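Presented below is the structure to which this report refers.
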């Protein structure tokens, strides 16, 4: 399995293999499982930016909560597919962020989604400003993607 | 646990209890799990209309596939909540159907979604017209909901 | 869907319907999903004894953790099956409890398991004695089952 | 994330990262999720031996079904852990195989399991002899592990 990578100028993608656990009796990946693949990619994107969940929670005392998402299912993924899940930040507010994500098999887009998340304080659970170092890194990531 | 019910003139709802399996380390129901709750409610709504999965597949040779969905997460559901998941058909085409669904705790809307599904032939996996008896029942269901 | 029930002298069972989310591309219920069905039944059994998760956590300050389990898969459950999941406490120690559980379709045993759990303090996460009222109720439940 | 690897003489392990989707409100990896991690490792082990799911199904017309398993939960895995899941075939019959598997965080064993699977014909769903090339590869794998 390839490691996640984002050479300069490219969109971050995470490879994901489809196992029986991800499929349903229709013979395809079950529709809610795509959201799990998208989550894995977002957290590996964050890690590559230099922020893992523990640093967010313990150092910056924030977590991300999903506010809304929309997803289109274009072509089904099936058992043993090697998928690539992309993460592209497309909007950044004081505490809100929107991601454009795709699930690809080779160059075919199987699903695409927009995911709206909000940064909240771990204690208040109310919207909190992004930690400054994270804002800088995300702002730079938005800038470098077409 | 209450049985699903839809007295005349009301919107179908399915009771769903939240267990550890549905939650995550944030202490709330994990975001993709809501889609599983929505699916359970749609299939019980179909059953109440007189159509279960086996009759769709074997008699009518059709299945439903999700084309797209959008969901808003308003307030979190938590461990041991008794939720009620509603199903309201809101659009009906030749082979497409859209559902408005809500996840409620008592009268509070925790999440709401629009789910677009399409009826496909079990062999062709291409869009197929709704079976006539099902179309009639759904059309009647759209008519009777406010 | 029937309500869970345990008339005097009978073993507690919870009805569980199989949806697409529970199945895999092999056309059957995915093997780890049975453990989710078993968990739902255990928590409804506890509720019927008069103890829900919140009373355990907040009043008695204990939770249950699974120490080990073994499961046999005898015949597969499939899409749209109405299963009945039984719960029978079979051993009770100071802080440990063992459950014998079965997943049935009509009278056919599809899977059976022994689940070993331990009562731990919510703060210490170390083994803690069962709350006395719960011990009495479980002891009575062990006594009344063959 | 490291690629799976098994240098000569070592036991096959697959790295697995823990995400929110794998955890529960107790703050730890949910007990049935470990079975999903074990499954991923078994299929990557098979791939490394030269057999992927499609070759099994299409060329050899067999699949594996789980007959039984037992698992001990020793220490909990938590959010963002990088786990290593091992696979060691320990018994090989005409159609049956047993795996010893462990879930490790660094050198600490968090969970260990024995998983009994059987090779069945895709059409008959009855026990079928292992394909000869696969038997040779597995037999060799049993031989080389301590």
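For reference, chains read A, B, C and D in written order, and residue numbers begin at 1 within each chain.
In the analysis below, a contact is a pair of C-beta atoms (placed from the backbone, for glycine too) under 8 Å apart; a residue touches a chain by one contact, two chains touch by 3 or more.
From a predicted model like this one, the values you see are computed outputs, not experimental measurements.
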Chain whose mean Cα position lies farthest from chain A: C
Whole-Å gap between the CA centroids of chain A and chain D: 27
Gap in Å, rounded to a whole number, between the CA centres of chain C and chain A: 35
In chain A, residues with contacts to at least two other chains: 20-21, 26, 32, 36, 39, 79
Graph class of chain-chain contacts, one of line, ring, star, complete, other: complete
Chain B - residues contacting chain A, complex: 26, 31-33, 35-36, 39, 63, 65-73
Interfacial residue positions of chain D with respect to chain A in the complex: 1-4, 17, 19-21, 36, 39-40, 43-44, 52-54, 79-80
Touching residues (chain side chain C, partner chain A) in the complex: 20-21, 23-28, 30, 32, 78-79
